[in-house]
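Here come two complexes built around subunit A, the first alongside subunit B, the second alongside subunit C.
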Partner chain A sequence: MSQQVEADVSTGHYLRDKYAIVGVGETTYTRGSGRTTRALGTWAIRNAMQDAGMQPSDIDGMLSYSNNDSTPSPMLAGDLGIRLNFYMDVYGGGSSTEALIGIAIGVIEAGMCKTVAIFRAMNGFSQVRIGGTGARAAAPVSGDGLHARTYGWMSAGQSFSQSFMRHMYDYGTTPEQLAMVKVIHSEHASNNPKAYYKDRVSVDDVLNSRFIVKPLHLLDCCVETDNATCIIITSADRAYDWKHTPARILSVVGRCCKPRIDMHYQHGPISTVAGHYAKDILFPNAGLGPEDIDMTGAYDAFTFTTMLQLEDYGFCAKGEGGQYVSDGTMRLGGRRPNNTSGGHLCEGYTHGMNMVIENVRQLRGEIDDSCPETGDGKRTHTYDYSTPGGCRQAKDVNVTANLGWAMPGTGSAMIMRKG
Partner chain B sequence: MAEYTKPIPEPDPDSAPFWEGAKEGKLMLPRCVKCNRVHWYPRLICPHCHSMDIEWIEGSGEGWIHTFAVQHRAFGGWAEETPFVTAYIDLKEGDRMFTVLRGVDPNKPEEIKCGAPVKVEFEKASDDVSIAFWRAV
Partner chain C sequence: MSLTGEYLGMPLAVDDLDLENLEYFRACGRGEFRLQRCKNCGLLRYPPGTACPWCTNLEFDWTPVEGKGTVHSYGEVHQAIQPSFRAHTPYQVLLVDLDTQKGQPSPDEAIRVIGNLVTPDGELAPPELVKRCGIGSHVRMILVPVGEGFAIPQWTLDEDAEQPEPWRYPQE
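The block that comes next holds the complex of A and B.
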């Protein structure tokens, strides 16, 4: 018998369109915040509450995720004068955002609370970095480390790269195609006043940057930053009490896995990632398909993660991801823009939440770019994306998909529509 | 013998036979008595049929490169080895094993081929632990 039994992923019950994101907020994106994760977290939650027009009494649930590098919810709630009916702080990095949105929906549906603030606060540059420095390097080698640190693995890029290389081997995917992910996201970031890296880069810039772990050049890797982010979830019947048009949640997938998640590469083909499985929850529960999606937020910890996910969620045929990410589809003004904030490659690293925030603002039609303000907090968008400092609002965005990534074997996702 | 400066794993009860074999230059692999399949890494229960009747066999030490990457940045003792090549090895007996690949030029990655044959070898890291590496043949 094979252990690789295909699970029935049809959920039989879902809550299409019954919940919404009504507030979003973040801190500045810096390298060296000079603040605690506690302070950063409260700052982001405050900004999201102000975005929605909420008082402390309007929030009664809180969720956060971290890799033991943050401050738990109860402390932040206390600092902000919020009395909680529910909170939970879970372990996790990438792919947690959409998963926690699903959890928030579940606990509200269960009657445990009414409105949940989800935050991620991290000093990802100045305190706990992703790689092998500091506390992570000092820990003894055991468990998974037996197979990883023994052979020099400490960071995500080191462990993902073998999968990336195999995709190039199987499908002829080229470094030039992958570089276009960074190029396009840098164009988007150049129109994002918040972005940590605002300079536009070229394919040659990417290919001429030094190798970190081949096939990853430095510019194929995202930026590590200090920041906090927050989104506020409530039920559809409460979603219109606040300042902005809500982003209605059509479906959500949380930490969906490949078989053999203990060592994802035991189950081939290894360049197939969790999205291959997650799509069968994401799209049926939303009642939509990839062709219905106007904009994506495909997690860009690396250029390759964006490509692999877009491919396995079915935005192009398997093996054609290199073509998809390099043909202009993902550009602002293209058929289906991706990560219009600049994402993790350029805006800042938040373990996925900034990509959800960006899509919420896009759905509202209220992107915070440099277009002229009209006085009521809104802007007159020019839809001219050609030069740095220009517009970042996409036209006619009605449905978005976020594709969160933890590692090749685990991912989360969400589809939202304009409320 | 030069001091081994890279991370040395701590064997646990599930993997102890692997490490005992490694000290003698043998690639010991867990195989389920009930369904006859080899799995990697070692564990209490066969992941294929849930039998707890698992024996250890001496593997052939042969395999093939499934894929690889060239590590240009590393940490601790491995930092001194960069660039080096990491790889997933398709074991002749089934399943895959992660390793550092030897016998290849990390500066000529175009010469490293997925599917190329490899053989296991062991390096003594301490009195208790020898570490498996795979070499292109």
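The block that comes next holds the complex of A and C.
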């Protein structure tokens, strides 16, 4: 695959800083919403519109992603009285958020519409289980699945386990180091009133939870929840018309892949993931490096996915991911907090969008924790993260990176700055 | 003509337009492990595909390949998702580097063939056998019949090879 053509990162600079996220919103995170994905999606989009202070006439584009487990844009636009100049509903799960933000920028740049609402609505627990259980697990096997499901190799955890295991073999990464990802994200979630799991857990709690697929214990795996999430993108010249400080977008990468993506294990090292390639688009287009990033949102479908991405995007040396995720760097109050909402491991599973929403709120300095409100919807943040129910706002957040994961061979990413 | 079969109670089907998979699994059904060899660059590929990933050539021959290799990595399923596997946990999903074409065309590449660890009789391995297999284990292929003229590749520990102490996940 030496003939692999590299992305030309020399021409994208003119879009750096020219687009922004101006509204974010979500539903509650539950297991058993009792509502359709149409109702959940409408609720989340409306919350994002209210967050920005927008009327239906202020939105004219819509994008969504799903695994055929959602409701398409036209139904939700109709419910909310939004007349669309553009919409598209694409197939996909993890890593779609950042990719669709890139598409929204392109669509606005092309003059096709002015402001795009991107949503993900899913009953990931009560309808189409993200773990793949239910009807899909019992369906007949054919096509490409003959080389996978035939062998009981189907769910995300099962299909990624060979990458995770090989990283431990290649670099001596330990179960205890990985467990710290869950420990730290659970601390963050304990300061997040929205989180589905708010209890802090210990390394022993993780290691003593039952095995799902080695090397994954139950607590190495994310939660499955019912929820919808929404972010609203517009151009920088319109970004200051709304209620909050915009989060300006410096660069995006969408579904960047390793070679042989039909079956990426053919091309090693298998303990290297798509971030190894994506970083060479993400950082040059932003004009920044990993050392410039104050906060990360490294997708935590599993404890391992956070570690593998932080490592391959260059936040530490190759092979030192286990050390990075366990030494306190990514804890609130540490050098570079990760997933301050608790992420997919604790807050709820949204295929990545809640991690972007969290970083937008962190950049605004307006995280929705339990600190005392001052009356105008703002809070006096204490920056005391030590006890559950405390502060979740990090100090001096100016630049964030989101690292979205689809699978070891595919990832997306985005860098934002405080507008 | 399409192929149909059943494995552990799971219906398997190869569509009649899926020519590459049809030929692959038919060869398995005859007791032969065959892979596509590109007529231009001579490289073997897996899984079956419609063009050569190294030179884009569409022409190939089905070439017999020795079913021997080394475990590159594995997952060990303790909670099955598919109903067919629930009675068989823990089961291993092995990613095996074939001895043939290992390290070609670049050092990090190999033909990595997926399969479960099975007994020499082709049954999914019992827990005591699973504990003997890990990264570095030498394995040989067993073709397990799943229907008329239809078999699937599986892996068993190679009794004739000198086995190293395999690397296994530290917590048993």
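The rule we apply is simple: the second predicted complex is superposed on the first by the 402 of 419 C-alpha atoms of A that agree within 3 Å, B and C clash if a C-alpha of one lies under 4 Å from a C-alpha of the other, contacts with A are read in each partner's own complex, and residues count from 1 in each chain.
One rule holds for everything that comes next: a contact is a pair of C-beta atoms (placed from the backbone, for glycine too) under 8 Å apart; a residue touches a chain by one contact, two chains touch by 3 or more.
In this text the structure is predicted, and so the values were computed from the model without any measurement.
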Fit-or-clash call for subunit B and subunit C when the two complexes are aligned on subunit A: clash
Touching partner for A:207 - first (subunit B), second (subunit C), both, neither: second
First, second, both or neither for A:175, with subunit B first and subunit C second: second
First (subunit B), second (subunit C), both or neither touched by A:323: neither
Partner chain(s) touched by A:28 [first = subunit B, second = subunit C, both, neither]: neither
Footprint overlap on subunit A, comparing subunit B with subunit C: 1-2, 131-133, 137, 140-142, 146-154, 158, 161-166, 169, 210-215, 260, 262-263, 265-266, 268, 270
For the subunit A and subunit C complex, residues of the former touching the latter: 1-2, 131-133, 137-138, 140-144, 146-155, 157-158, 161-166, 168-169, 174-175, 207, 210-215, 259-260, 262-263, 265-270
List of subunit A residues in touch with subunit B within their complex: 1-3, 131-133, 137, 140-142, 145-154, 158, 161-166, 169, 210-215, 260, 262-263, 265-266, 268, 270
Residue ranges of subunit B in contact with subunit A within the complex: 6-10, 12, 15, 35, 40-41, 47-49, 66-76, 78, 81, 83-84, 86-88, 95-96, 98-100, 109, 114, 131
Parts of subunit C lying in touch with subunit A, wherever the complex brings them together: 7, 10-15, 18, 21, 25, 45-47, 49, 53-54, 72-85, 88, 90-91, 93, 95, 106, 108-112, 114-116, 135, 152, 167, 169-171
